[in-house]
Structures are given as structure tokens and as C-alpha cells.
Amino acid sequence: MARLKVRISFPDRCKGCGLCAHFCPKEALVVGRNRNVQGYRVVEVVAYEKCTGCGICYLMCPDVVLEVK
Amino acid sequence: MARLKVRISFPDRCKGCGLCAHFCPKEALVVGRNRNVQGYRVVEVVAYEKCTGCGICYLMCPDVVLEVK
Amino acid sequence: MSEKSQKVKDYRFPRVLRDRPFHYCPGCHHGIAHRLLAEVIEELGVRDRAYGVASIGCSCFLYYYFDVDICEAPHGRACAAATGAKRARPELVVFTYQGDGDFAAIGLTESLHAAARGERITAIMINNTVYGMTGGQLSPTTLPGQRTTTTPEGRDPRVYGYPMKVAEMLAEFPGVAFCARVAVNKPKRVLEAREALRKAFLAQIEDRGFGYVEFLSACPVNWRLDPIKAAEKVDELAETFPIKVFKDEI
Amino acid sequence: MSEKSQKVKDYRFPRVLRDRPFHYCPGCHHGIAHRLLAEVIEELGVRDRAYGVASIGCSCFLYYYFDVDICEAPHGRACAAATGAKRARPELVVFTYQGDGDFAAIGLTESLHAAARGERITAIMINNTVYGMTGGQLSPTTLPGQRTTTTPEGRDPRVYGYPMKVAEMLAEFPGVAFCARVAVNKPKRVLEAREALRKAFLAQIEDRGFGYVEFLSACPVNWRLDPIKAAEKVDELAETFPIKVFKDEI
Amino acid sequence: MKPILVKGSEAIALGALAAGCRCYFGYPITPQNEIPELLARELPKRGGVFLQAESELAAANMLLGAASTGVRAMTSSSSPGISLMAEAFSYMAALELPAVVVNVARGGPGLGGIEASQGDYFQATKGAGHGDYHFLVLSPASIQEAYELTARAFDLAEKYRQPVMILTDALLGQMKEPLILRKIKPRKYPKDWALTGAKGRPGRVLRSLFLGPGELRSRNELLQKKYRAMRREVRVESYLLEGAELVVSAFGSLARIVKEAVNLAREKGYPVGFLRPITLFPFPEREFRKLAEAGVRFLVVELNCGQMVEDVRLSICGSTEVRSLPFPPSDLPAPEDIYREIKRCLRSPRR
Amino acid sequence: MKPILVKGSEAIALGALAAGCRCYFGYPITPQNEIPELLARELPKRGGVFLQAESELAAANMLLGAASTGVRAMTSSSSPGISLMAEAFSYMAALELPAVVVNVARGGPGLGGIEASQGDYFQATKGAGHGDYHFLVLSPASIQEAYELTARAFDLAEKYRQPVMILTDALLGQMKEPLILRKIKPRKYPKDWALTGAKGRPGRVLRSLFLGPGELRSRNELLQKKYRAMRREVRVESYLLEGAELVVSAFGSLARIVKEAVNLAREKGYPVGFLRPITLFPFPEREFRKLAEAGVRFLVVELNCGQMVEDVRLSICGSTEVRSLPFPPSDLPAPEDIYREIKRCLRSPRR
Amino acid sequence: MKFEVILAGFGGQGILFAGNLLAQAGMEAGLQVTFLPVYGPEMRGGTCNCTVVLSDREIASPVVTRPKALLIMNRPSFEKFVPCLVRGGLAVVNRSLIPEECAVEFPGRRFLFVPADDLAEEEGHPGLGNMAALGALVAASGVVPPEKVLSGLKGLLPPERKHLFEPNRKVFRRGYEFVERNSSTAVRR
Amino acid sequence: MKFEVILAGFGGQGILFAGNLLAQAGMEAGLQVTFLPVYGPEMRGGTCNCTVVLSDREIASPVVTRPKALLIMNRPSFEKFVPCLVRGGLAVVNRSLIPEECAVEFPGRRFLFVPADDLAEEEGHPGLGNMAALGALVAASGVVPPEKVLSGLKGLLPPERKHLFEPNRKVFRRGYEFVERNSSTAVRR
């Protein structure tokens, strides 16, 4: 199952709340400076290689921005 | 306290339900044939001498017909 | 039970009651509850600052019988009206007198929230397992299998669930200071009921919280039983609705 | 927890959700609860016979997000509307999605009676201890001392009593088949919440009774905390509102 | 067909059964308990749902839920209970739900009494709840009509996707009269809005919150259009209009007493006619206007403090005189009371 | 006195405080939450009672209880919440309780929206609940007036032993304007009916159930008499009536926009005047009738589908033309929209 | 033909049943009928009355203020309704509870005093005074054939109360026969 | 004199605060004022706007469909409101989020592009772009003296937020001065 990795599938849904980044055990995510159509800062994957595909970020994201696949 | 005895103080309140007579331990009361202004058969004391003034009839009467004094 | 209410004494027509015959059916326990309420108001000496809320049900004519200030509340809203009166004038001794339909069906929200807030009021609920006034329909406290005019085949728990145990619910609220279920179908129980009622008033008088007494009460007419059989049937009710002091912080 | 929901798997946007961003504030747990609900509907394969009741509160736009049949109910009446729908068409899988104000304040009667009757519906209550939609007023579940816009000095138990424990009340009804309080402020709890939700649906699908899940839910905006602090504060809520399966007859 | 002797309330319940009503939700209240009590016996036998709700609020919202799934459903109550349903009615109208609501009205305001009253006319016709919405309101005057109009109410509700109210009162609700249980054939209307599970289609929504620009206005315009379309359902009973100089108008059961008074007056040679609105909303404006244009004057008799008289006045727009003869609830007027007023009207000079 | 900048809702709360309101009960709803939120801060400081109820039903009945003890008390809500209070209102009117009720109305029906709307005019004036009862209804058009009328409402409520409604809307409720906190001197009225404990007297009763022969009729006649007496409280704002051939009428905050349109029209030389009912019940019938008798025509502008226009028509009884210009809720009309219609009216031939 | 009768007495005296039965009988006899009960807000105590109209034409109003006949089972009802009776009207009165002297105040009415409760008690059914009085009313007025009352009775009794048919019939007969037997003396004017 | 301005942006950009402050300043300057917020049904997200009218005569309507001025903080608001601006009207626009090119479609309006968010950020208060834009609006329109804005600010901040006075003042000044400094070039027609 190592092939599973985080994807920012729906960046325009993101509200930059930071919950995913906070809970990611690998510190693979961060809320960046770019804004999406809603005007929110958007999450970014800063360490794709560290991602274990554990799904925690998916579980914690209130806006269904991320997928792990 | 032996002087306490049942009185039918408010016969016109009586509805002839018979609860007093049923619960009187001395069988001192009975619902008679006479009707009051409401049209109900009224309670009567049939054994005044047996009454111990225990107050049970007062306690059980839903219409506050009886007094014990 | 307190010294006072146990001693041998004479029994006289309570002065708080007006001299007007009750309109209740023969053998209806509403009358006993009325008398006890009058006695307790008298005993506690609060007639002059009593404020009663009459609810909608067989007891809606409360004001004809009690010589205290009384306001009528819409069906189910007695506890809300009582809350308003008590908050407006905390010196009043405020009580409601409600049926099971009034308190636990249409008025459940108002009843539970008043209790949860710990309103300093005394609520009396006459649980006769039916809607007496409107002709004997199902109530939240109707027993399983009991026939009513709207459950002609008897209450089916699959359709209506099981009877609602109001005293048990209320006892869980920290705001409730006294909570008991009583019956008046036997002389001894009448005395216990009186004592419970006294404490339910003390709950507010001593500023401890909400006071609640639930009367298991016979409705001979809608139970289609004579008064004596109806009184006996209350024992059957007590199997589902235990007669008990659930909470006593007085 | 079932085999199925624990296994390592990919996580994809649930098909029951529509492709429309949630209107919730950043970090609001409503969104997590939505996703779980969508996942469970998908997993149980009941999308085609699902009937949702949207309540009045922050979640009133439920119908924008779920691709199932949805009806709006007046504030507090979701359980009554759900009862009507389920009784009319028992083949539907009927759920409500309500706030603490909706479920436990204005709608308490409808909520408790639906549970007491054992309606075959699933009720979801998002307990964020405030009225989110209207700007953060007091709710029946507000913690003692918690400041809200209508309790500027904090909830005073002398005035408002103590928080209402809804799950605990519901668990007492024989008609309730599943009753749990969950939280979604930690990954493990999210999984547990999902499982609870699944069982709350099974309660009706397997015709056992009323299913209930209460979510302790962060409202960063009205708590005036950032999303991460708000998520942490849910642990504090859990001291008053234990996270627990109160009843599981599935 | 052999008639049966039933109360008005029972006739309403029988009308609902005849129209294929599948669900009833209600809360007891005098003087209409015969409706739930009959349906509690009969509906389950026919595979329908009878549910006593915990309150009128719950009943109205159960009705909302059931109606949203496209089944025929109904509630009934009496004045105070109807007041409690006001919010739900406004929602049902906004959601365009077909449902039947029966008000067997009693004396008010407040707890009032349980005698016949027409004090809820405004509540029924102008909208008890908030916002611009209306029931289609039908008011029967006989037990046979109570049966037929109730059955018809279910068709109309579906035809217009719209709550329909039967407004009657304790007099008709409690009296008995022979009823012929005429067979009813319920009409069929498309239900492509009903929430029946989204199998094979996208999820459907029934909502009343409209925040987008102009959305709420559109919803209101749609409703108003419907209300105008409903005018074709207007019904009246007219009687002895030929040669009438004064038309006495009343609705519901009171109209029977009024009719008797009109008979009395005609027997004495007074030129009096009778017009009974059967639909209270939409109001039979045209029928009144036509008479007014012919110079007829009106006497409006009501069991309240004067409510329908406003709709009569609005209909004829000042063109002739409209007198109000209100009887606030307590005892019912006798035909003679109305007859006296008829004479007085006819004797008084035209304004 | 230095003005302060406050919302209409806040002005209402401040008016209540100024009038000596002792108790507030309410349940949150947009767009009037500023009322409870201000009172939650201020009432306890002054020894008063602020209590957030568990629902509007509870709030209305707490109000009933508090009012029964003779203290000044109030509740506030918005459209759907007001609908839920209908039953309690009917009781309060029947029990003759003085109390103040504020409706900061929003768009309907159903959940509708939260924009300004006047869709609750019928509900407010014709009686939302069952039976023949009425609020005395006041409708302010400015923040200063919101303050003053709210304070006055408490006096009127006690003067007539009667619930008084402030009917306003989201526009006035949410806008800010300078307010001068003029000192208010509450009037005193006898309270020999209040339930304050029966010390030294027999117990008093407040009830609305009247079963004795004629009792309920008497209660209704008493209420009707009171409603007639209330006519002396009628207030209007009139503007530019001199020489007006067309009078544009509107109430509440919309009247401001209408007034601007009238100004526009007058500037262009159109003979237009303005009449704003401040009391909606009793309705200023006489004021309209007088103008109609002088041949003036009317244009009635409303943020609904046309409700007050009925009262205007009833007032003038067909003597001149009354046009309706309804704006169902969504966006507010601009003065220009109304100006255009004014021109159209004046150009069209008189009917 | 139009026959308007008010039946009145205590709650529990079977007033509504008797009125209902009369209406049912009228309907079965092919007449137009209305039956209008007046009921208290509660089920309990108090007086109770109902109005029955039988006619061969459409009945406009079921409300009757000046009845052509009365069936009076107790004293308060006597006092309330006898003054409303039209001149020449018939009042069937339960003599078991109301003394004949009461009638002297009301000249010009036809009074028929029937010991209704006693007749019922004699038949062993003390609760059925209503049927005795109804029997007398039907006999004295002739408004419906007595067989129609009996067939109406069959229709009205629900299956679980079918056993009450015989007692009701017997007491009805007693009342009916009481009039037949005393026809000359019974009616006082 | 009658000055009608609509302020618009994202929720959270301080739109209502700025509008309120402008109205307060107007009132303190002795003008008639109205302030009308447009609020969502919920507190969350979405756009937000308000209307302020300042006048030396009674203000009939607080509703403005064709404003004389705009304060625009984000792109969606630009698109929504600029078309409503009267010919010759002034639009103060947050250049930090809206590129100047947007203005080309709207000839005949006076555009004042201010890097509001950047100015605020430079002052170390990234959340206070609203104050920079307001400073620019006040400077460019001259509708109220800047001191009145500052005294209004004092009045508006509740005791527990008094510490926010300085940051707000500073950023307001920056916006004000930005216009003074660039007055000739800043306004594009």
C-alpha cells in the first residue's frame, strides 16, 4: 500500500484552516501564501516524499480538499 | 383525642364515589339513596359510634365532603 | 416524614379552598391532590404570596377552587408562564398544576428546560395515563396495551414506544432539588404525597431549586372502572411508574 | 469497530457529496461530520433510498452538498418531519442533521418523543455548545462560565442551570437502539465517529429502533479560537460531555 | 345507497378515507376528536398510518414530512391548535406541499370555549403565519358537503401543490345528519417533486430558504400566480337571488341558520336572497361584484366580530352597501334574530 | 444631547430600557439578535431580568407569566418566531395582558430569507392567532422613532391592558442612524388586576376560558370596545399633502424610500403627497377617507405581495382609486422604481 | 311536518343516546333529521342536552330555540327548557325526579309525567330511564313508528354491546305502553 | 452635500468596521448619516458589504443603488459593484488583491488603486487593510476631516480593545498619506 499518497484534489475547497498540516505526522503539508477562488490561503504539499499515505489529513480536513490514493 | 369524630360537613359536595366508605376501617360510612343538589347519591354515617376519628375517610375523599373534628 | 404531618389531628376543610364543589368525576384523584395542595399552602403559610398556574386539562378550573392568585397558561406552557412570573417577582411562591399530556407531551420542552434551569418553582404533574379532559386519548404515560380512544387496540410499543418516565428524567437535572412520584390510592400514600408536596414547595422557598411531584392518579371515567377499582388499578401503574422519592435535597 | 472501516484503504471524495465547497467557516467540524455522513451512506449502499432532513442552523444548506433527497424542516422540527416521512414511506432511510439548539432547545419535545416512540430514523446532533448560525448565543449545551453573546459574563448556572446531556437522556428510552457521543478533533476519534454513525444507520435499517449520534464539534468563530485551538478545546468539552457509546443494540 | 347518521367530524374523516388519505397526524382537542378517533380505528385496517403526535407542532411537521414524500396526508385540530401550526403552514406553503388541514373552530380568543365560532376566518384566509402565503380554504355547510369537500381537498392540494384547509366549526363538527357515502375517485397528478429516494436521478430538494438575488421574489411570484390560478376553483351556493334587493351572506354551518331566516323573510314577501361562499380563499369576488353591480345590498352574518365582511367589502369596492351582523361566539343566533335584521335592513333607506 | 450611532434593533432595546422594561424573554433569530444581546448586557445591571428562552413558544409564555404579575415585559423575534407565538398572543389578548412584542420581520414564507420584508402585515394586524383579537401595532420608520415608539408601546400596553406590537423589518433593524436618547417618563396605570400574591384580598384570576352563557360573548365585546377606544391612538406622518392629486402610502422603513421618491416627483412638479400610517392597527381610516373624499387617489407601496392596500381600500370604500405597488421580498426597490410608478399613475386616466 | 325536540338531563342519564336513537329512527323512517349534542368542555358531571329535528323537508338549521317538544330527565333541565317550549308543545318529564307540581307554572303546554327511572328500575335496569322516557315520547308524539326505534337501536349498538338490546327494548316498551295505558290522564295541559 | 458610498469585500476584511467608522466620523462632523450593513444568513465566509450615506440634509433612504463612491477590497466585489458606480464616481480599490487592469472596462469613473493590504502589512498589521483603504477614501473624497475618523475610532473601540487604537490609527494614516503623496497619479479615470 506504499503507493498511496496525499493529493490536493480540490484546492478551491480549501479554507486554509491548517488542521491537515497540524495533524500530519510527517509534516508533509503546510498552508501556503497562495489564495484560491474563495480568497482563502491554500494548503500545499511541502514534503511529498515523506507522505506515508496514512490518510490522517483526509480524516481531519473539514472541507474534503485532500484525497489519498 | 377520642372526641374526634367524622362529620359530613359538605354533603352537597359529595359524589357518592364510595371511597370513604371503602377505606373506613370501621365501616361507619355508606353511600345512601338520597341525592344532593348535584344529583349524586350522598354518603351517610351509619355507625357514628364506631367512628374512631382516624381521619382515613377525610384523606381518601376526593371531594372534601368530610371533616373529622 | 416530618413530625408535624404525622401527629394525630383534626381534619378540616382547608381554608385555602373555596367553597365550591369540584367539577371532577366521582372518584377522580384530582380532588385529593387539590386538597393536599391546599393543605400544604396553608401549612407553609404562603397563601398570601402564592401564584398558581392553571394548565389545560381536567384541572383547568383550578382557579374556581383555590383562593390564591391564579393565571391560566396555554396547553403545555405552564412551566414557561411560571418561569416568567417567578423571574418577574421572585418573592412569589409559584406552582403549576398539570396533567401528563400537558406536562410531558405538548409541554415537554417547557417542563424540562424549566427543570434544567433550576427554576424556583414547584411543578405538580397528575399522571392519569390518559388525556382526561378530551375524552381519554393516548398520553405519553399510557401503559403498553392500554386501550384509549386513539389506541383502540391498546398502546402498541412498536407504534408509540414505551411510557415516558418523567420523574426519572427530571431527577437527572442538577437544577432539580426535589423530585418524587406519589400516589393517593391508599391512606398512607396520601400522607406521603402530602409530605412530598411540602418538600417540593420547600425546594423553592429555601431557594434550592425546582420542585416536582408526580401523582399517579385514577381516572375512573376514562379507565371505565368504578372509583374503587380505579383506585386499585393505581397499584398496577406503580409497577411501571415506581412510587419513590427520586431526589431530596431539602 | 468493524473490520471494514479499519482496513488500510485509499481515501476519496465520497460520491454522495456534490462538488460544491462547504460554506462553513475555516476549521468548522460540520465539514468533517458531513464527510463521514456521506461515507456511511455510500458504504451502506442506501444513497438511492436516503431521505435527509435539513434543519435550521449553520447546516441548513445540507442540500447543497448531499446528492440525496432532502427536505428542509422548520427550526427544531426535524425529528417530526423525519417521523412523517418514515411513517409515510418506511422503505426510506431517513436521517436528520441538527444543531444543539435545534435538537435540544426549541426541538426538544420533537426529538425526545421521536426517540421515545422508537422511530426508525437516524438523528445526528452537532453539539458545538452555541447557536452558530445566529452569532454565538447560549445553547442548552453551553458550558458553565462559557461566554456567549447572550451570556456576556459567562453561563451562570444560577440563571441557566447546567448543560443538558442529551445522549444520556436518550439512552434511557427503550425505543433507542443506538446512542453515542463522538468527537472528530483527533484522527482516531474520526474513525470511531464514523463507526458510530454506521451503527446509528443500521439501527433503522435493521429495524431495531432510533439511532442517535451526537458530535462534539468545534465552532472556531464563535469560540473565538483558531481552528487548531478550537479542535483542542473539544477535549475540554468532553469532560462535561463524555465521549462514549451509551447504548448499542446493533 | 343507504345513508348513515354521522357527525360532521366523522364525515370529514370518512371523506379523507374515501380520497385515499394514507397518513393522519394529529393531537387531541375538542371539538374534533371524532376525526382522529375514527381514523385511529380505520386507517390501520387499510394499511394507512394513524399517529397521535405529541403536540400540534409535531403533527403539522409530521404532515410536512409525509407530504414531502408524495403521499396523501392530513391533520386536524381546532383553533388554539391551529395557531400553533402557523409556522409549519408557512413552510408547507413555501415548500409547495400538498396537504389537508382541518380546523373545526371553537370560540376564542385564548382558550375561549368549545362552541361554534367563525373567529378564525382571518387566520384561515389571510395567512396565520408569516409571509405572503395562503391556504385554499373550503367551508362546508352540511355533513354531506363536509364529506365531499374533504375528499375534493386532497385533489386540489395535489393539483396546486398547496395546503388546503377545511374550515368548519363545532356546530357542523358535532351535529349528526344523514350521509351518503358516495364513492370518490381520487384524481392523479404528477409527483415529480416528491422525495421518494433518489434512485436513478439526482437528489431532490424541498426548501424555502432563498438567499440568491431575486430568488425569494421568484418564489413569491410563483405562489401569487398559483393563487390567481386557484380562482377557477371558486364555489358558492346561491339561493333565491332572483329579484333579491338584499343578499344575506354567511359561510359554513351558520349559513344554514341564515338560510332559514331567508326562507322566513321570503315567506313574508321580503325580496331577500342568499349567497354562501364555499371557497373562502380564493374569495368569490366576482359573484359578489356581479350582484353589487346590479344594485343588490348585502348583509353579512358571521359567528365572530366581523371578518368575512371585509372580503365582501373588498369585492364590491364601495358600489353598494354592506352591513355586518356579527355574533361573537357564545350561543348561536336563531333564524328569527337574523330575520329581524333582514327586515331592518330592508326598511332602512339605502345609503 | 449628543447623538449616538446605533442600529434600529439597538434603539428598540434602548427604548425598552428607557420605558422601564423589567423583563425580557426571547430566542435568537436573525435579524434582531442585537435586541437580546444588548439587553443581556444592560438589564441585569439595572436589576432587571434577561432570560434566553428555549424557544419562541417558551419566550412568549414567559412573557405571559411575567406580564400577569404587572411588571413591564417584552419579547422580540422575527417572522417564523412570531408565527410560533400566535397561540400565546391570542391568550395574552384574551387575558388582557399588557406586553410588548417586537417583530423585526424578514422575508417569507417559510424560512424565506433575512432581507427586509413587510409580509407579516396581515399577521400583525388581522391577528395571527385564533379568535377575534388584535395587537395595537406600531411601525417606526427611523431609528429615533423606533426608540420612542418602543417606549410608548409600554405605556399603551398598560393603558389598554393589551399586547402591543412593534412591527419593523430587517432594514430598520440593521441600519444605523444617530439616536438622541431622550429621557422617557413612563406613565403609571392602575394594576388592580395584577397577580402579586393575594395578601389582604381574595385570590385573583386571569383566565380566558368562558363557558357560562354569554360569558365569551361579553369578553369579546369588551375587547372590541377596547379596539374602538384605541382609535384615538392613531398616528400618521403626512408630507406634501397640500395640492396632492396622488398620495403615496407606505409604512415602516420602506416609507423612507417612498418619501425620497415623492421628493423626486415633487421636484419634477408632480402633484404627489405622502401618508405613512404609524399605527397599523388601529388603521388610520379617517385620514385616508378624508383625502379620498377630497378626490385624492392612492398608490400603496409595500415590501410584500399587497397587504396594507386592503386596509386602504376598506378605509376609503371605493370612493377613489387605490393602486397597489407590491415588492415581494428580495432586494429593496430604489426610489427611482417608485418614482416611475408615480409618473405612470399620474399619467393614466382616473378610473 | 317538522318535529323539534330537546332532550335534557344529567350527564350519565343517557340523554345523547336517546337523542341519537330518535334521529336514527327518524332517518330509517325516511325523514330528514339532524341531531345536535351540546357537550361540556369536559366529560364530567353537569347537565347535558341535545336537539333532534325530524322533518319531511330539508332542514336548514339544526339549532332550535323554541322546541315543539321536550324530554326532561332532571330538575335543572326542567327549569332551563320548559320556558322555551312553544305554546301547545309537549313535555315528557321524568316524574321519578321531578314532581308534577312544577308544571303548574306553565299553562298551555302539554305535560306528560312518566316515572321513567322507576319504570326502568322495575324492569331491573335502573340506568335506562332514558329509554322509558323515549318510549313515552314516541308514543305521545307519534313522530316515528316504534319499530323504527327498535331497528335503530340494533344499528346503534356496537357488536360488543349487542346484549344491551333486550334491556333497552324492554324499558322502551314500558315507557311506550305507559302512555298507551294512561293516554287520557297522562297528558296534563 | 450628499455622499453615498458602498464598502465591499470578503467577510473578515473589516468592511463593516470601516463603514461604521465612516458613519461615526460623519456624525461627529455634524452630518446626517446612515449605515446599512448587508449580512449573510450566517456569520461565515462569503462576501460582505455595507452602505454609508453622509448628508447635510435628512436622509430619506439608506439604500443606494447607484453610489457616488466605492471602497472595494476584493475581486468579486469589484465585479459586483463597479458597474453600479455613477459616472464620475470614485472607486477606492485594494490593489493588493485587484490588478489595475480591471479598471479599463469602466471608463468615466475615478479609480484610486491603493495597495491596502500591503500598506497594512508594512505597518505590521496585516489584518488592517480596511483602515488603509478607508484612509485613502477619506483623503480622496474629503468627505470628513481625518481627525473625526480618529475620534470616531476612539468611540467605537470597546474598553477591552482600546489597545487596537494605535495600530488602526497608524494604518489609516498610511492610507491617507498614500493619497496625499500620489494624488496626481493615483486616481485613474
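All chains are identified by letter, namely A, B, C, D, E, F, G and H, in their written order; residue positions are counted from 1 within each chain.
One rule holds for everything that comes next: contacts are C-beta pairs under 8 Å (C-beta built on N, C-alpha and C of every residue); 3 or more make two chains touch, one makes a residue touch a chain.
Nothing here was measured: the structure is a model prediction, and the numbers come from that model.
Asks: Count of steps on the shortest touching-chain route from chain B to chain E?
Replies: 2
Asks: For the pairs C-E and B-C, output the one whose chains share more C-beta pairs in contact.
Replies: B-C
Asks: What is the distance in Å between the mean C-alpha positions of chain D and chain F?
Replies: 38
Asks: Taking the mean of the C-alpha atoms as each chain's centre, how many Å separate chain E from chain G?
Replies: 35
Asks: Please compute the C-alpha centroid of chain A, do the same for chain G, then give the distance between them in whole Å.
Replies: 87
Asks: What whole-Å value do you get for the distance between chain E and chain F if each is reduced to the mean of its CA atoms?
Replies: Chain E and chain F have C-alpha centres separated by 29 Å.
Asks: Two or more other chains touching the same residue: where does that happen in chain F?
Replies: Expected reply: 30, 51, 54-55, 57, 80, 87, 91, 95, 110-111, 113-114, 207-209, 211.
Asks: Quick one: which residues in chain C touch 2 or more of the other chains?
Replies: Each of 24-25, 28, 60, 72, 74, 105-106, 108-109, 113, 133, 135, 140, 159-160 in chain C touches at least two other chains.
Asks: For chain B, jot down the residues that touch at least 2 other chains.
Replies: Within chain B, the residues that touch at least two other chains are 15, 38.
Asks: Chain F touches which residues of chain C in the complex?
Replies: Residue list for chain C touching chain F: 47-51, 53-54, 60-61, 63, 66-74, 77, 80-89, 91-92, 109-110, 113.
Asks: Mind pulling up the chain D residues that touch chain F in the complex?
Replies: 56, 60, 72, 74-76, 101, 105-106, 108, 131, 133-135, 137-138, 140, 149-152, 159-160
Asks: For the complex, give me every residue of chain F touching chain H.
Replies: Per the stated touch rule, the residues are 3, 5, 30-31, 113-114, 171, 174-178, 256-257, 259-260, 263, 332, 334-336.
Asks: Can you list the chain C residues touching chain B in their complex?
Replies: Its residues touching chain B are 8-14, 17, 19, 21-22, 24-32, 34-35, 184, 186-187, 190-191, 220, 226-228, 231.
Asks: Can you name the residues of chain E that touch chain D in the complex?
Replies: 22-23, 25, 49, 51, 53-55, 57-69, 71, 73, 87-88, 91, 95, 195-200, 202-209
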